[in-house]
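In the two assemblies presented below, subunit A is common to both, partnered first by subunit B and then by subunit C.
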Partner chain A sequence: MRYFGQDNLYDMSYDQQRRLFWEKVAMVFQAAQNTLNPLLRIRQQILDIAQDHDIDFQQAMNSAKQLCEIMYLDSERVLNAYPHELSGGMKQRVSIALALLLNPSLVVLDEPTTALDVISQASVLRILNDVRKSHNLSLIFITHDISVISEIVDRIIVMYAGRIVETGPVRDVILHPRHPYTQGLLASIPPLRGNLSRTRALRGQPADLLHLPHGCAFHERCPRAFSRCRQEAPRLLTDDHGQTGVACHLYASDSGENVL
Partner chain B sequence: MKLIRRIAVSLVLIFVVSSITFFLVRLMPGNPYSVMYHKLVMQGMTPLQAEDQVKGIMNAMPNEPVFVQYIQWLTQLVHGNLGTSIEETGVPVTELIFNALPWTLVTVSIGLFVSFLIGIVLGVISASRRDTWVSSVIDNVGSIAHAIPVYVTAVALLYLFNVVWHVFPSSGAYGIMETPGLNWPFLASFAYHIVLPEGTYILAGFGSWELAMKSTTIMVMNDDFMMAARIRGLTRQRIMNYLGWNSILPLFTLFMLSLGTMFGGSVFIESTYAFPGIGNLLATAVTTRDYPVMEGCFMLTTATIIFANVLADFLYAVLDPRITM
Partner chain C sequence: MIQVINVSKSFLVKTTSSHAASGRIVQAVRDVSLSWNKGEFFAIVGESGCGKTTLGRLLAGHLLPTGGEIQYNGVSMSTTKRPHHRHLARLVQLIPQDPYAALNPVRKIRGLMRDPITYHRIANNRQADELAENLLQMVGLSAKDVIGKYPHQLSGGQRQRLVIARALTVEPQYLIADEAVSMVDVSLRIGIMDSLKEISRQRQLGLLFITHDFRVARYIAQGGSIAVMYLGQIVEQGPTEEILGAPLHPYTQSLISAVPILEGVEARNQTVVPSRYEISTQNLAQGCSFANRCPFADQLCKNKAPSLLPSTSPHHLVACHHAEPRELVVDVAEPAS
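Showing the complex of A and B:
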C-alpha cells in the first residue's frame, strides 16, 4: 500500500506512519460519536494533535476556529465542550473539522452520514462539498447509498464481495450502469415520486466472504448470469484511459479482450 | 450543599448501623462476665471464688435491660464517649482505637496501593498480550491468589518464611528494643516486621485489580476513539495515556470502597501476625465479648466505608467529566 509514490506504508516505522497519518491522509469514521476521547475537552484533543505533529498551539487553535465556522459550529462553545455535551451531528462535524485540521490532501470518509438524521446528513454533505472545493482536497467516500454521494463525488467505484465490479465517472455509472450489480443497486433506490412497486431489490443474500461462490462472486444473484459466470471469475476490463471499467462476462469477448 | 446533605445522610447511616451492631453483639452467645468467669474456673478457682473475683474486677454485674443499656450508650455517644473497655478495665475505647489505628492505617494503605499498582501494571500487560501464554499465566496466578482466603495465605506465608525458613519475624509491629517514633532503627524494624503482613495483603489483593484492569483495558482498546487516536498520528505515549486514564477510571470507585473493606480484611491478617492494629483489637474484643471495644471497631469500619463512598462519588465527579454530582 503506497501513498502518492512514497514508501510502502506497511514497511514504515511507527513514527514515519504517524507523520503521514492526519498530515497527508485523514479519516472520518462512521460512528464519529465515539471517535473522541470522552475525558478530554475538544480543545485539548486539538492541542494533542497539534503537539504530536509539531504545530504551534495558537496556529492550531486559529485553524480550528476557522474550521468550526465552516462547519456552522459555535467555536467558543464547542471547543470548550466535552464530547458528551455535543449532539451526534455536532460531533460528526467536529470530527470532520479535526480531519481537516492539518490540511491533508486526502480524506477517507467511512459512511460519515449514516448515524445522522436526514437534515444533518444534507448539511454535512453540503459542507463536505464546499470544503472539498475550497481546500482543494480529495475525498474517498465509502458508502452503500449511491444516491447520497452522487451529488458530491466525481468517480464511483462499485465493489462487490471485496472486488471492484464497475468504475467510472459518476454520470456514466448512474445513468448507464453496466454491471448487473450496479443496475440492481440503482433499481433498489425508491423513487421520490411515482410508483413504489417499481423499486426492486436484488434477490438472494450478500455473498458469504468465507465461502465465495465459484466463478463470478455475483452469479448466484445475477439476473443475467450464464454458464461462463459459474466457471470463471471476470477480470476488470477498462477503456484506454482507465477511466471506466467493468468486471463482467457480458462485456467481454471469449478471448477476454476488451470490447468496450 | 450536596456535600453537606451527603455527609448528614452518612452520619445518620453510621448511627443506624452502630445501633444495629449494639444489639447484634449482645445477641452473641456468652457475655464478658461469663467469659471471664469460665476462664477463672478453668484456671482452677471454685465457682464461688470465681464469681467473687469477677464482681471484684468488674465492679458490678450489670443487670439492666438491653434497652436501658442502649439509652446509656446513646447518652455517652452524644458526649463523644465510646465507653471503657471491659477486659482492660477502665481504659477508654477511644484510647485503644487511637493506639491501634496508626498501625492498621499504614499497613493497609501500603498494601492497598502496592497491590493496586501491581494489579494495574499486570492488567495492562495481560490485556496487551491477550492471546499469549503471558496473559493466561498472569490471569491464572491472579485469580488463584485472589481465590485463596486471606487467613490461608497468611498462615502459609508465616509457615514458609518463619517456620521453614526463618527470615521474617512471626509477630508484632517492631522489635522490642525500639521506641516508636521517627528514628531509623524503629523504621527499619517496622519495615522488617510488616513484610509478611504486606505480602499477604498484596497476594490477596492484586488479583482482583489485575482482572478488573484487564477487562476495562480490553474494552477501552476496542473503543473507536483508540483507533481514531492511532489514525490521528498521535505518539505512542499519548495513546497509552488515553488508554490508561480511560481504563483506570472505572476502577476508582472500587479502589475507594476497598479502603474501607481492608479494615475488615485486616482482622484475619493482624490476628495471624499478632499485629497491634484495629483488626487484632477487634478479634480480641470478640473472643472476650468486650462489647464497647467491638462497637467502637465496628463503628470505625462503618464510618470508613461510608465516607470512602462519599469521597469516591465526589472525586469521581471531578475526574470524569461525564459524571456530575
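Showing the complex of A and C:
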C-alpha cells in the first residue's frame, strides 16, 4: 500500500509510519467520542499530539482554536472541558478537529455520524464538506447508509463480503445502480417524500465471511442470479479509465470480456 | 384504547457535588397527552434524551408517572385499582431499545421464549415450544437453527427479531418498539419493519414505534400518525403524511430538513436548521422550550409557553406561537428511471 507515491507502507519504519499517520493521513473512528481520553482536558490532548509530532505548542493551540471556529465549537469552553462535559455531537466534532490538527491531506472517517442525532449529523456533514473544500482535503467516508453520504462525496465504492462489487461517480451509482446488491441497498432506504411502494427489503442475511457461498458471494440473496452466478465468482470489470466498474455476471459476456 | 392524560415523569439525578444530599430533577416527560387505539400505527420521533424511552416505559407500565394518569381501556394506572401487572403485560409489551441487554445471556433461545409463556400460564411446556417455534418462524427466524443457541450467537438483526418474537409470546394487544432498527444495518431494516407491520396488521395490534429517524417513522406509520417530542413534550402530532408533507412546528421542520437526501433522486432540503445544534436541558423556566434554538423565536416565545392545539386540521396538533407551513424543498430532482 503506497501513500502519495512514498514507499510501501509495510516497508516503512515505525517512526515513518507514525509520521505518515496524523501528519498526512488521519483517521476518525466509529464512535470517535470514545477515543478521546476521558481523563484529560481537550487542551491537554492537543498539546500531547503537538509534542508527539514536534509542533510548537502555541502554533498547535492557534490551529485548534481556528478549527473549533470552523466546527462551530466555542473554543473557550471546549478546550477547557473534559470529554464527559460535551455532548455526543460536540465530541464527534472535537475528534474531527483533532484529526485535522496537523493539516493532513487525507482523512478516513469510519461511520463518523452513526452515533449522532440527525441535526448534529447534518451539521457535521456540512462542516466536513466545507473543510474539504477550504483545506483541499481528500475524504474517505465509510458507512452502511448511502443516503448519508450522497451529498458530500464524489465517488462511491460499494463492497460486499470483502470485495468491491460496484464503483463510480456517486450520482451515476445512485441514479443507475447496476449491481443487484447496490440496487437492493438503495431500494431499502425509505424515501422521505413520495412513493413508498418501491421500498423493499433486501432478503437474507449479510454474508458470513467464514462460510462464503461458491460463485458470486451475493447469489443466495440476489433476485437476478442465474446458473453462472452459482459456479463462478465475477471479476470487477472497469471501463477505460477505471472510474466505473461492476462485478456481476449480468454485465459480462461469456468470454469475460468487458461489455460496459 | 390507551389514554395518556397529562402525564409527567421526573427523575432525581444525584450530582457529584460537595453537598451530600444535592440532586437535580430531570423532567423526562412533561404533561404528555395522547390516545392510542388498537390497530393504530403510531411513531414517536425526537432526538436522544427527549424522553421517548421514558414515555414507552410509562406506557408499558414499567414506570409509574409522577403526574397525570394512563388509562387502559378505562382503567387508570395511577389509582389503587390499577391493573395487575400480569394483566398489563399481556395488554402492552415493550420491545426494549437494547435487545442484547434484555436477554439473559446464559439462557438458550428455547428457554428465553418459554419463560414468558409459562409465567403467564399461556401454555404448558410442550405447547410452549410449539408456540415459540411458530412465533420465531413468523418474525423470519428459522426456529430449528436458533432454538438451541445463546443470544450472543445470533447476529444483531436476528436478535432484534428474537425480542419481537418474545414480546409476542404473551399475545399482547399493543406493541411498543423502542428504536427497533437503529442498531441494525440499513439493508436489514425494511425486513424487520415489514415483519412488525405485517404481524401487527394481522393481529390488529396497536403499534407504537419509537425512532429518531423520519424515514423510518414514515415507513412504519404509513396511514397512521406521528408525534414529535422535544425535551419531554409533544410539540407536534398528526397524520403521518401531514407531518411529513406540511410540518408546522419549526422543530419538526428542522428535523425533516436535516435528513440527508439521496442526491439526484430526492428533492434537496432547504435547511431550517436551528442556530444552535445542542439540546440544552436548562432554561425550562418559562416560555417555549425550543426558543433558544429556534430561528423564529421572538419575545412572546421567550415569555409564554405555547400549548398543543389543533391547527390546519382537527387531528393535526402543534405547540408553537408561529406555527406555519414553510418551504423545505429546494428543487425537485427528476425521478429515477
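Rule of thumb we're sticking to: the second predicted complex is superposed on the first by the 256 of 260 C-alpha atoms of A that agree within 3 Å, B and C clash if a C-alpha of one lies under 4 Å from a C-alpha of the other, contacts with A are read in each partner's own complex, and residues count from 1 in each chain.
In this text, a contact is a pair of C-beta atoms (placed from the backbone, for glycine too) under 8 Å apart; a residue touches a chain by one contact, two chains touch by 3 or more.
The structure displayed is predicted, hence computed values, not measured ones.
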| request: Between subunit B and subunit C, pick out the one touching the greater number of residues of subunit A. | output: C
| query | What is the contact status of A:Y14 with respect to subunit B (first) and subunit C (second): first, second, both, or neither? | reply | first
| message | Going by the contact rule set out at the top, does A:R200 touch subunit B (first), subunit C (second), both, or neither? | response | second
| field | First (subunit B), second (subunit C), both or neither touched by A:P190 | value | second
| message | Looking at A:V170 after the superposition, I want to know if it touches subunit B, subunit C, both of them or none. Which is it: first, second, both, neither? | response | second
| message | For A:R155 in the superposed arrangement: first (subunit B), second (subunit C), both or neither? | response | neither
| request: Classify the contacts of A:Q121 with the two partner chains as first (subunit B alone), second (subunit C alone), both, or neither. | output: second
| So, A:R77: does it touch subunit B (first), subunit C (second), both, or neither? | neither
| query | Which partner does A:R235 reach: the first (subunit B), the second (subunit C), both, or neither? | reply | neither
| query | Where on subunit A do the contacts from subunit B and from subunit C line up? | reply | none
| List of subunit B residues in touch with subunit A within their complex | 223-225, 227-236, 238, 242, 245-246, 249, 320-322
| note | So, in the complex, the side of subunit A touching subunit B is made of residues 14, 17-23, 26-27, 29, 31, 34-39, 41, 48-49, 52-53, 82, 84, 95, 98
| message | Applying the document's contact rule, which stretches of subunit C touch subunit A when the two form their complex? | response | 47-48, 155, 157-158, 185-191, 194, 212-216, 218-219, 222, 244-245, 254-256, 258-268, 271, 273-274, 277-279, 329, 336-337
| query | For the complex, which residues does subunit A have touching subunit C? | reply | 72, 87-90, 117-123, 125, 144-151, 170-171, 174-176, 184-186, 188-194, 196, 199-203, 205-206
